[in-house]
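Two complexes come next, and they have one chain in common, chain A, joined by chain B in the first and chain C in the second.
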Partner chain A sequence: MGLLTNLRDSISRVTDGLFAADEPKRIGIYGPPNAGKTTLANRIARDWTGDAVGPESHIPHETRRARRKEDVEIERNGRKVTIDIVDTPGVTTKVDYKEFLDHDMEKDDAVRRSREATEGVAEAMHWLREDVDGVIYVLDSTTDPFTQVNTMLIGIIESQDLPALILANKTDLEGSDVQQIANAFPQHETIPLSALEGDNMDEVYTKIAEYFG
Partner chain B sequence: MAGPKANVDAADDPDDGDDGVRIDMISGARMEGLTGMEKIRLILDGVREGNIVILEEGLSPDEESKLIEVTMTEISPDDFTGIEIETYPKAEAGDQSFLDKLMGRESTQKLTVIGPANRIETLHKDENLISTLVSRK
Partner chain C sequence: MPHQCTSCGRTFPDGSKEMLSGCPDCGGNKFQFKPAGATDDAPAGQTGPAADQTGPAADSSGSPGGASGSPADPADQSRPTPDEGSAPTADDGDAERRPSEPADATPTDPEANADAAAEPDGTEQIADRSDEDTAQASARSEVVSPDELDRASQDVEPSETPPAEAEPQPGIDALRDELNDQFESIRIVSPGQYELNLMELYDRQEYIISLQEDGRYVIEMPDAWGIQDE
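So, the complex of A and B:
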């Protein structure tokens, strides 16, 4: 076992050294719908590049295509990391166009939106298996984190051996419970923040540099 | 009211689906020889017929990822709105064999319940219990 493990570690170190250099890391922002992924992606992009990634909305599945913001340079404690932020659609196992009708949408628009949402989620799952180097997993700290989608996604991320940072978002809202998220995923560090208000972003950037640098 | 009935195998029951809810309980042995896509097809074919599928040993994380991806491609308005899936929270991998640990294989033995999203609703879930409400067609 020792020999095989050492061999595997050596190969890993060599390949890491070959590719780690100055290549930007593709960091996928994942999480359930309406967790604040796009708000966070926009906050990071605006803070470090001045541009936004995409429109934010309270309607679920506003983000229906993975959007990428390339070459975001984050400097922390004298250390610079370059990342490509990939803002992904909220992952779910079900999409019913009728839910969009509650948001003053005509049926045709709702059907189109649901079709785009399903394509976006499928694309996000594919990205997760093939095309990201690390994951920022965003959760709404006012909602129950013990959902099947969260459990499955964290399991998928762990099985890929991807570095993962869990963010408990929306701490500005009443009912925010960061500890509940920390309890749900005790194997990971949980960082509280309000992406909307920009609260605790300093710690978020420090952790991004630490995890993905 | 017709009660739920459990079928170990997919029998062609003329009453099937009219009043009751069909439950397919699929053993680990039945899934063992199947490829990932064959497992996903077996699950989704059953669920799209309105059945509840219970897997004795669950899916690997990679298979779960592909199940979500394939489910998304099959959702269509007024026909199929997706799946509801529940497993017990992942236990620590203390029961993995020496060979599994060596090869980096994860134990996927976790009872998994999958059903059509418009017919199954989770009422309660903790590490020991999954309670679901299944509606008839």
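So, the complex of A and C:
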């Protein structure tokens, strides 16, 4: 199965490559919960299409279904790159409804949110396997990047040979440590930004065009 | 009369081989050791608890007795040693009496020095006769500390590795398989609490669309193209 699956993936990649000029690349925005993925997706979508992708929240697992914003045209240095942005649910190895109870949520709602978040992780992992051509990996630069989830996801992305851009988000917050993220994944370029404030988005767009164009 | 059967009270001289197969009179294999210099009143308080132990101990006396059943052969002296070692260990329960023993035992036997000097660790500073090996003497002489017991048990394991090592290999594999089986892509710890195996979620072709309260879940099957490939 694995061999044939790989074969199919390869064919899919080759096919995608053939139509690269026409078909927009699907860029998955991945990362742990509450890293600012949706904030970034909304920032990109608003900057280039005027629309938002989905609601943002400080409560983890606000995004529990992958949301796609298609045909986002990004112009950089006279070059136009069209991508589909897939904002994915935060990936984690444990989901516990109790963490939602701290956010003034009733137990029933917390349990439901927990279940949906778990489904969301499954969906995110599925998309990563089947349906993305590149990854924007968003990390909260105020938290420790050396986690099992980050290591595993970056490993999967590398094993798939997917182009990956690592973003150190939340540089507007005190305690932001971009270097720590750069140290954690030295094999990748780390771009600092604040998706919320729009800081350093120019460099982010330049890199998106460079990596996924 | 250093050795006394705790069951019937029969006494044996220090280093006696008679008791190696258990007490010839009653078959008991629990003995208390009282150095020659010790006073006679000590055993009085010990007979109670010691007698309690003789029941189960007597049951197990068969095999040690068999193993050491050739006292006439001097070359066999090394074999009774482990058995002899276990008997004093049982006596170690009398901790209140033991600590005073080495001091008493040391001067009792003038012949001790010769054998004790041969011991590299210098622990055999006690009575030791020519017809008694040093391990025997050591076992009688000191109370084994808990630390020593731990170390001894750890040391024993490596020496038994040939048979022991062959077993763990399939055991570990079986355990790993079992764990792999147990570790599903999504484990429901309790309602609202989930553990996810990301690699498993990533690897599987179908994907879980929705989880049900009762632990069931809905998956999206791979398309027909994928199924034919299976």
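As a working rule, the second predicted complex is superposed on the first by the 196 of 213 C-alpha atoms of A that agree within 3 Å, B and C clash if a C-alpha of one lies under 4 Å from a C-alpha of the other, contacts with A are read in each partner's own complex, and residues count from 1 in each chain.
Methods note: contacts are C-beta pairs under 8 Å (C-beta built on N, C-alpha and C of every residue); 3 or more make two chains touch, one makes a residue touch a chain.
Remember, it's a predicted structure, so these values are computed and weren't measured experimentally.
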| item | value |
| --- | --- |
| Simultaneous placement of chain C and chain B on chain A, clash or fit | clash |
| Touched partner set for A:F146, first chain B, second chain C, both or neither | first |
| Partner chain(s) touched by A:E119 [first = chain B, second = chain C, both, neither] | both |
| Which of chain B and chain C A:N77 touches, first, second, both or neither | neither |
| First (chain B), second (chain C), both or neither touched by A:E158 | first |
| Stretch in clash, chain C with chain B, out of 43-51, 133-141, 151-159 or 187-195 | 187-195 |
| Common ground on chain A, meaning residues reached by chain C in one complex and by chain B in the other | 1, 4, 91-97, 111, 114-115, 118-119, 121-122, 125-126, 128-129, 152, 156 |
| Residue ranges of chain A in contact with chain C within the complex | 1, 4-5, 8, 91-98, 107, 110-111, 114-115, 118-119, 121-123, 125-126, 128-129, 149, 152-153, 156 |
| Chain C to chain A touching residues, read off their complex | 185-186, 191-199, 201-203, 205, 207-211, 213, 226, 229-230 |
| Residue ranges of chain B in contact with chain A within the complex | 60-62, 64-66, 68-73, 75, 77, 81-87, 89-90, 102, 106, 117-118, 122, 125 |
| Contact footprint of chain B on chain A as seen in their complex | 1, 4, 91-97, 111, 114-115, 118-119, 121-122, 125-126, 128-129, 146, 148, 151-152, 155-156, 158-160 |
